[in-house]
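Heads up, the next two complexes both have subunit A, just with different partners, subunit B and then subunit C.
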Partner chain A sequence: MSNRLITFGEVSRFYGEVLGINRVNLAIPPGITSLVGPNGSGKTTLMNLMTGLIRPTRGDIRVLGVRPDEPEKLGPLIGYCAQFDNFPKGLTGYQFLYSFLRIRGMNDAECEERTRTALATVNLAEAAQRPVAAYSKGMRQRIKLAQAIAHDPQIVVLDEPLNGLDPMARAETIELFQEWGGKGRHVIVSSHILHEVDRISDQVILLSHGYVVAEGQIQGVRSEVKDQPMQILIRCDQPNALAARLFLQDHVVEAKIHPDGKGILLRTTDADQFYLMLNRIVLETGMEVESVAPADDDVNSVYQYLIGGEGGTT
Partner chain B sequence: MAVYKKTYRPYEGPLTASWSRFLVIRRYAFEDLRRSRFLTIFYLASFIYPLICALIIWVEHNASALKLLNLEQASRLIGVDAGFYMTLLGWQSMMALFLAAFIGPGLVSPDLTNNALSLYLSRPFSRTEYVVGKLAVLLTLLSLMTWVPGLLLYALQSYLEGWDWAAAHTRIASGTFLGAGIWILLIALLALALSAWVKWKPAAGALLFGIFFVASGFGGAINAVQDTKWGYLLNVSNLVGTVWVQLFEGDDPTNNGAVFFRQAPGSVIPVWLCWAALLVLCLACLYMLSRKIRGAEVVR
Partner chain C sequence: MKRVWLRQITGVIGLEWKKTFLSRRGWWVYLMVLAPVGLNLMHSLVALRGFRSHSVFQDSQIFAGEFEGYFLHLGIFFGCMGIFSNLFRGEMLEKTLHYYFLTPMRRELLVIGKFLAGLIVALVLFESSAAISFWLIGRHQGAAWSEFLQHGPGAGQMSSYLLVTALACVGYGAVFLVAGLFIRNPMIPAAVVMVWENLNPFLPSLLKKISVIFYLKSLTPVQLNVPPPFSVLVTETDPAPAWLAVPGLLVVASLVLAYAAISARRAEIGYGE
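Coming up: the complex of A and B.
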């Protein structure tokens, strides 16, 4: 099983006296995993560690059972897309992909085929012979993604891959992530765009000041945040009556009638109790409930509860 | 946990030898250089002097040509000996220094500026291979300017003079190869180290010249003020010249250095010290490179 996981065991990384990450323990399964945290929280450090670009000060890292200081074994497993534009000078899109495949040791025919496939995957086939320096921001982001997946790696590590993309390109890129994740790859994404992260992630890792604050599926993380009342949106035909009944309960902290008058936004310290009680109310009053849905079990809310107010994140 | 169907296709075919992957770096570097008309012309011009030398050797062995030019005594004027080849090497080495100053600064600094090192180092490609790849660009170009024409001229002279001459002058061949090798390795390492530390290319190129000319001037000032000869340790061309003399003529030299590396009387410092100083300089360059060539820039 550990050969299908990326594991960090008590990993710390210091830059001189500055903390990168400290005592991180993680086991990342396949699927899309998002790293979320404010600037300087340790996201890029975590990515650099798992790609072998830097070594931990202490602790043990295994990437599908391989140590990151074994580049011959790790290289074929990983595709890395860095946060900043990182292109050697003077290359066309085709040359860029081709040459970096050659560095992986593939032969000429294989590199040519994979270069063409990768260019087509990110919709850059027509711009293949143009210098990368002449690409737009979105195109540069896509060619970076192409170099990360051209060798068909098991793990794709993407540092802020949605930065600078227009909404259309962003949607296309997210589709690619989902496709890659759906193929059983590990797709590790760091992003500041929390609502996008929420949409695509199978699990999230929240980081703050070099520590892992929370990890796992976001709903699970939210349910662990006990000190913040859960918000639930109930759409029904008798919101006033429902609010009146709810206010009698100790676990209900707040109940707000929805602006359109067709629902209630509730804050409760015990969601399970609320669901049981709602069943009773519906049976007793015969009110029609259209929907009941948690309103704050998304990444953005969890982020605000756990990290909130530290800045640097939208 | 979600269940995924693994459908991606990782590469499982044969791989090229890992030692040969540094050659990929050369591939596009040469193409990039070829686009510069100035560099192409300069590079071609650097072969003029070896061609003149070839002409001299040919003329010297062609009695009718000598007679035609009324230069029957020319062989006494221009002897094709160690001095002849050291002069060739000295001239070509100076051209090589200029070329390294033009090309070298553009090899590493753009990768650092563009954060491109993570691209290389997140692959099965080490920092050493990266440096070797960049060195290979310079070493290939500089070799073609220095020891390759030198050895071709040695072969020409041996062919025309007879293989006995070749056997009696093997030091010329080994001296040309090793002497040029030391020189081009030194300037290539210096150019890369400066390129890694100085991102503005003209400044890096100027610094490369500075190491040779300003440092030697500084060394000369030390000699004058302190009435010593140890200031010559700062004169890189002096160090190389001393090593060349030993390589070409052994421990009993008749020459005091090639044209561009002539040593002033009384400036001779022990050969082992020159070797040691050059080694220290190379190690310093490697240290500078190791500090900068990293997968992730560490911001403190």
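Coming up: the complex of A and C.
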């Protein structure tokens, strides 16, 4: 099983006196994992560590059983789209992909085929013969993605991959991530665009000041945040009557009538108790309930509860 | 499958030589290459117009001084600094080294590939410069110079100069490649190496051998008797026989490259964070 995981055991990394990450323990399964945290929280450090670009000061990292300081073994497994928007000078998109496939040791025919496939995957086939230096920001982002996936790696690590992409390209890129994640690959993404992170992630890792604050599926993470009452939105035909009944309960902290008068936004310290009680009220009053849904088990809310601030672009 | 390493090295060379040849940052290297060519062309033109004439022997002596004083101490030295220290340092500055480090290529092969790419560029530039300069310096002699080149010691001298140029590129190339792995400002290692090379005559016998100039000086075909003040440009070293000088320099360069390979294996991508 550990050969299908990316594991961090008590990993710390310091840049001189400055903390990168501290005592991180993780076991990342296949699927889409999002790294979320403010600038300087340690996201890029974590990515650089798992790709072998930097080494831990302490602790042990295994990437599908391979140590990251063995580039000959790690290289075929991993593709990395770094945040740096830089490219070797004087190359066209085609030459950029082809050259680094060649450095991976592939023969001409294989380099050519993989280059064409990768360019087609990111919709850059038509711009293949243009210099990368003349690409737009979005095209540069896509050619970096193509370079990361051209050798068909098992793990794709993407540092802010949605930056600079227009909405259409963003949607296509997210679709790609989901496709890769669905095929049982590891897709590790860091992003500030939290509502998109929310949509695509199988699990999230929240980082703050170099520490892992929470990890796992977002609903699971939210339910662990005990000191913040859960918010639940109930759409029903008798919100006033429901509010009156709910106010009698100890676990209810707040109940606000929705501005359109057709629902309640509830804050409760015990969601399970609330659900049981709602069933009783519905049976007793014949109230019609249209929907009941958690209102704050998304990444943005969890981010605000655990880390504070606005989170990111929503 | 068994030629993977070869494909990787040729892949690196293919990427690097173009970058190195066309580097805007290295415009001054071309100046250093063209300077002796221009100077010798002027010498030839001046002599042809009859302002001043030298004998073939004098011209070969002048070139010997030019070769030792300019090519070895300035042109190739600083040219190699410009070319080789940029191979890793340039990638760090441009934030592109991670593309290489993320491939499954052994870092040792990356060092070899980059070194060979730099060497190709340095050899093309400085071998051409040395050969053309040598040819130009006596061109005004007409048939006498042709005779000197074809049937006299000229061909042998030129071969020796080309051999010394190649070895200088290998030696200084290795030194500046490893320096580029560690130090951002190439002038610092250049100053240290230059002081070390010029201290060579005063060093104990064993330390003399850890130097590039020690081996090169022994292989130059024409021994100079340079009067002051120009003698400061010429480093006096104990002569080493050719059988020791060529492999000796290659061993020193190999040791330096081996150290570069070990360092590259341990290197991290910092980009100045």
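Basically, the second predicted complex is superposed on the first by the 309 of 314 C-alpha atoms of A that agree within 3 Å, B and C clash if a C-alpha of one lies under 4 Å from a C-alpha of the other, contacts with A are read in each partner's own complex, and residues count from 1 in each chain.
Keep this in mind: a contact is a pair of C-beta atoms (placed from the backbone, for glycine too) under 8 Å apart; a residue touches a chain by one contact, two chains touch by 3 or more.
Small disclaimer: the values here were computed from a predicted structure and weren't measured.
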| item | value |
| --- | --- |
| Partners on subunit A (subunit B, subunit C) - clash or fit | clash |
| First, second, both or neither for A:53, with subunit B first and subunit C second | both |
| Subunit B versus subunit C as contact partner of A:105, first or second or both or neither | both |
| Touched partner set for A:78, first subunit B, second subunit C, both or neither | both |
| Partner chain(s) touched by A:35 [first = subunit B, second = subunit C, both, neither] | neither |
| Partner chain(s) touched by A:174 [first = subunit B, second = subunit C, both, neither] | neither |
| First (subunit B), second (subunit C), both or neither touched by A:87 | both |
| Which of subunit B and subunit C A:154 touches, first, second, both or neither | first |
| Subunit A positions touched by subunit B in one structure and by subunit C in the second | 15, 48, 51-54, 71-72, 74-76, 78, 80, 82, 84, 86-91, 99-100, 102-107, 147 |
| Touching residues on subunit B, where the partner in the complex is subunit A | 1-2, 4-11, 13-18, 21, 24, 27-28, 31-32, 35, 106, 110-111, 114-126, 294-296, 298-300 |
| For the subunit A and subunit B complex, residues of the former touching the latter | 15-16, 18, 29-31, 44, 48, 51-54, 71-72, 74-78, 80, 82, 84-91, 95, 99-100, 102-107, 110, 114, 147, 151-154, 180-185, 202 |
| Subunit C partner contacts - residues on subunit A that touch it in the complex | 15, 48, 51-55, 71-76, 78-80, 82, 84, 86-91, 99-100, 102-107, 147 |
| Parts of subunit C lying in touch with subunit A, wherever the complex brings them together | 4-5, 7-8, 10-12, 14-15, 18-19, 22, 94-96, 98-107, 268-271, 273 |
